[in-house]
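The data blocks that follow each hold one structure.
One chain, chain A, links the two complexes that follow: it is found with chain B in the first and with chain C in the second.
Let's look at the complex of A and B:
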């Protein structure tokens, strides 16, 4: 027997199925974050008891965990601020690593935005064969995985004599092709009439750039800045390879090495580390959507 | 527009939060070390290093005087005055107490009376009579004389008896006569026994051949008895003899003959008459004749058996007669053997009889000479006199021994009485001397350690009035130390007084180190110090410390740094760990063995080296691995 359902009913079913899939997907994505936050309120003992097996290699001589398997626990046995207290008040190392992250990421973001804006302006304003070749090179470079450029980065850093210093991370960071590409796409959408009107009004290139182009690209700049910040806030490979001194490592490196370190504090550290990125995202959420949409829109 | 404003406000709030967060992080970072340091336990530490340890043996003990003497009261008195108090320094001749006699004290008079009584008793005891043994001696002399007389009489009698038969022969003859007479009696008994055929009790040497004859006789006798019994049995079995049976058969034969005749006649009649009745008669007669003949036959068969038995009986009778003849032969042989034995015995009897006769002859001849009876009587008299004399001598010896014992006992008693009298005299003298007021003086230089009576108190004889410590004899302090410590000190070392007064002249010198005899199982030793000085008091606690030889060690740490738990002694060592914010300090455990120690420092050996930073004190209890903070200024 064949079921004859109404059009409306079918649509409702379709919606319900989509909702279920979306819900499951959302749950999968949000679960690690929820787990991190809830586990940050556990005591170190409880963390060791549940995730001790994970750090067995680190404590082979001193087995201090109970469960042989990993226990994904969402509800702490006893809500405790011990981890936060330890991280914020008794562990200057983590705070220092946090500031290491800030010291690396902030200059990269700021200078990259500045440089990218200027570069993108050039690409959008001037056309010619050379520009096309350079822009193509930028695109090629952008498409390459970071790990491919790591070796040349290392060699250049060594040649420049900045290997082992923060400049070895900051300088390649500043000259990233991604934001140039994205901003070029945005700036090309600005109608030429705006520039011509400004020029008729007697504005120079610098004036046009700062007073016409930049305000029009503000949301895109912010969204690009946010993406760049989050990208570099999570960097792991660069510090590991380009920095010698562990004291200069950002906090992201510590979190990547969680199974060999202080697993009892990792969740609180992760939560603390999450806050700036989260706040920035909340701050620039609209710009981010807007900027990405704008850059992907119809070329003007 | 409104939504845009809301977004702006929201962004502003988020920005503010971000700034606050960063500011907070900044502040926390800035103060992170400070906060951390305040939360860490503060410790003081110092480097372990080379050093010299002068070990000291310490101990404390109570000061004891080497010599004391007690002031003792003589006689029952009353204390009139006490001239010293506890702690006074006294010298020889100082008056300590004045004692007065108790009013109405009758003790001197009582003692005099007692002495008098004792002397009287002694005098009485001296008056004793010496023992005399004249009567006993006289009795013994009389007894000796009587014995001598008896001996003389016996000798005289023996001389008078002067014949060929000596006394020895006489005695032998007497015993021979008895012996042979006895032998004759015994042999006559054997003879009588043999004549009755009885061999039990007769020695086998007389029975050669007789035993065999006797057994042969017994066997023949037994055979005869057996044969006779057999014959009797067979005779008993034969109730009817053959003669009677023959007579019976004859009678039966006659009856059969008569029946046959009757039958023949009846047959003839029947043959003649031929009647039925005749025939019947004939048949009856025939039947009767037949039966009669059968009876005869049976009787004959029985006769045959009887004859056979009779033959057996005849044979048995032959056997009996044969056995009888055998028995008779055996009897003859037995008689012959008995005769032979009797003859042998008789021969011995004759021999013994002749010997007995011979002995009797000797006896008779002796008797004939006479005096033998007198000799026996005289001999008995001599023996009696000897016994009497011996008895008297033994009695005299016993009497003398008893008298001597009594004399010795009396002498001892007298000596004792004499001694008692002497003692009493001395006592009386002393009492006489002490009657009245008495002053008790100090006999040696010293310090009064105790005064036990005060003025007006009555004192009994021998009561301790006061104790005096002799200062010249010195003082002693003793305490116990381990054997190991005792080895480190040497006799003659002067010890430091740890609880003495400044400028005190008290001096303690080690004079001996000896085993603790009160605790034989302990290895501890007792150190004895001679104490000199002017301000020493008996009973005072004196702390002493003796320096032992000093020695250099590679690793010396403060004694306060050494801790101990179940795993033994250890020190906590500060280890540094480099961090971006400077060095962090952690305490780690180092197990050690203490080699030597003095008041401040200890020499150790183990997981700690001379350059380690050893924690000496902490404001909180530490566990190894704990992060610590070093105290400011150290």
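Let's look at the complex of A and C:
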């Protein structure tokens, strides 16, 4: 019997198949995150039993795991807050590293945004050949990988005598051209008529910036801020090269050492580190999508 | 006469104010990026910082004969060469899929975007459990009768890195493509369909052309993020990973440690030049392919 499906039925089947695929893919995408969170509620013995084989150095002296195999577990046998209480109350080292991350990332995000807003206003309000060339230079600079820009940063920090201090990371971070580029693109879409109307009402440039431009760009500032935050929250390269005191390392770098030393705590520390970023994501997903959308298209 | 003078004065004043907005950023960018960049160009043609003898391209030549630099360049090139095209193609496909009438669109979008916001350091432990020699992936492949593979310590590590890279970047790229797809003028596609064009034709000759600026942009962004994979590798296996995961950043880190400024400078300049060439080629390709649809 030959099956004759209408166009509509065919389309429905197509959609259903697509949905099943997308659903499975979506589950795979959130799985690492979910696993990290669920495993953080295990007791130390359970983690050691399942993942203890991962630490080769520990396996030599104390065999506390069941088998050589690692058992990836979705749900802990017994939900416990043991690891969290250790991380949060008993070992101040982790909170200190968390604070190291905050103290680097927050100033960079806030000041990069503020400076970028002022600069983007300059690039969008006045156009001219020289300014276009400079803006193009900013784009080129933005497109350079870290491996290129870290060398100039290192040299300057050395000359200024800030190498090894947090300033060596914060100052170049503040002047990074990424958000200047995005905000300029946003501001160039603001109709000139708004500015001219404010002008006629007797507003000065500074007033126009604060009372016309800034309120119009509020959501874009938020979305660019999210992108900047997550990029620096993830940083690994800069601290390794620009800081020499390991007590100043952010949690991102420190986590790799816990992973190989103290698996029991690692999941809980990982979750603590994830929380600010996840909260920002849940709160600001719309802004994030908007921010990514702005970043599309090199021209414009 | 007086009005002319006043106007000129006002023009001048305006120009000064306009540059005032740019000055703080320009100073910072000059100090932290432009000036040192010029200095490292200078460094790269000297024998060393103290005697400062001009040696031409000697540093570059010795860099190109340095086995660890070549290995790191080769590994980075292989990894980017695999993962960037995959990321562009898959995310484009995902964007078309999510733009069709599929239920739960916004929920799916959140799931795909989530990895962007999850710190790499937080999930690296799960990756480790999965890709460990005694880990989950080998247990799964054993069910199908495959011999275990040391994913992190063999040529398979390119695949491991690619998986992690795709996980991180697909959502971001997909959003970029979704907004670009929404911007394709529908009337042109309708006309093409009326004239009997099949969906493959409209895809290749209309949709792709309208998307070409976004494809260019996503490609460049993905190349840049592929250069950041050092983070994952460092968190997975520290400063001295298996040789197929020895990336450019590893080379740079080791050179920083030995404070060989000539090597560092010439490596940075060489990379900048390579990057500019790649971007330039991509721009030209886009211009040629997408020129009919430019506004």
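The definition used in the following text is that the second predicted complex is superposed on the first by the 272 of 300 C-alpha atoms of A that agree within 3 Å, B and C clash if a C-alpha of one lies under 4 Å from a C-alpha of the other, contacts with A are read in each partner's own complex, and residues count from 1 in each chain.
Methods note: a contact is a pair of C-beta atoms (placed from the backbone, for glycine too) under 8 Å apart; a residue touches a chain by one contact, two chains touch by 3 or more.
Computed from a predicted structure; not experimentally measured.
Visitor: After lining both complexes up on chain A, report clash or fit for chain B versus chain C.
Guide: Result for chain B and chain C: fit.
Visitor: Taking C-alpha centres, what angle do chain B and chain C open up at chain A, rounded to the nearest 10 degrees?
Guide: It is 100 degrees after superposition, to the nearest 10.
Visitor: Mind working out whether A:136 is in touch with chain B, chain C, both or neither, as first, second, both or neither?
Guide: neither
Visitor: Touch check for A:90: first (chain B), second (chain C), both, or neither?
Guide: Touch partner of A:90: chain B, not chain C.
Visitor: After lining up the shared chain so the two structures overlap, which partner does A:74 touch, if you call chain B first and chain C second: first, second, both or neither?
Guide: Touch partners of A:74: none, neither chain B nor chain C.
Visitor: Answer with first, second, both or neither: which of chain B and chain C does A:210 touch in the superposed model?
Guide: Neither: A:210 stays clear of chain B and chain C.
Visitor: Pick one for A:251: touches chain B only (first), chain C only (second), both, or neither.
Guide: second
Visitor: For A:121, is the partner it touches chain B (first), chain C (second), both, or none of the two (neither)?
Guide: In the superposition, A:121 touches chain C alone.
Visitor: First (chain B), second (chain C), both or neither: which does A:280 touch?
Guide: Once the two structures are laid over each other on A, A:280 reaches both partners.
Visitor: State whether chain B or chain C is in contact with more residues of chain A in the superposed arrangement.
Guide: Of chain B and chain C, more residues of chain A lie in contact with C.
Visitor: What's the minimum Cα gap, in whole angstrom, linking chain B and chain C in the superposed view?
Guide: It comes out at 16 Å between the closest C-alpha atoms.
Visitor: Considering each complex separately, which residues of chain A are in contact with chain B in the first and with chain C in the second?
Guide: 280
Visitor: Report the residues of chain A in contact with chain C in the complex, numbered from low to high.
Guide: Touch residues, chain A against chain C: 15, 18-19, 21-23, 25-27, 29-33, 35-36, 39, 51, 53-54, 68-70, 72, 115-116, 118-119, 121-123, 125-126, 131, 134, 137-138, 140-141, 143-156, 171-172, 174-175, 177, 180, 205, 226, 230, 233-234, 236-237, 240-241, 251-253, 255-256, 259-260, 263, 266-267, 270-271, 273-274, 277-278, 280-281, 285, 288-289, 292-293, 295-299.
Visitor: Per the contact definition, I'd like the list of chain A residues that touch chain B in the complex.
Guide: The touching residues are 88-93, 95-96, 98-99, 102, 247, 275-276, 279-280, 282-283, 286.
Visitor: Going by the contact rule set out above, which residues of chain C touch chain A in the complex?
Guide: Of all residues in chain C, those touching chain A are 14-15, 17-22, 24-26, 28-29, 31-37, 39-40, 94, 97-98, 100-104, 107-130, 132, 134-136, 139, 167, 170-172, 175-176, 179-180, 213-214, 216-218, 220-221, 224, 227-228, 230-231, 234-236, 238, 248-249, 252-253, 256, 261, 264-265, 267-268, 271-272, 275-276, 279.
Visitor: For a test of understanding, state which residues of chain B touch chain A in their complex under the given definition.
Guide: Those residues of chain B that touch chain A are 7, 10-11, 14-15, 17-18, 21-22, 25-26, 28-29, 32-33, 35-36, 39, 579-581.
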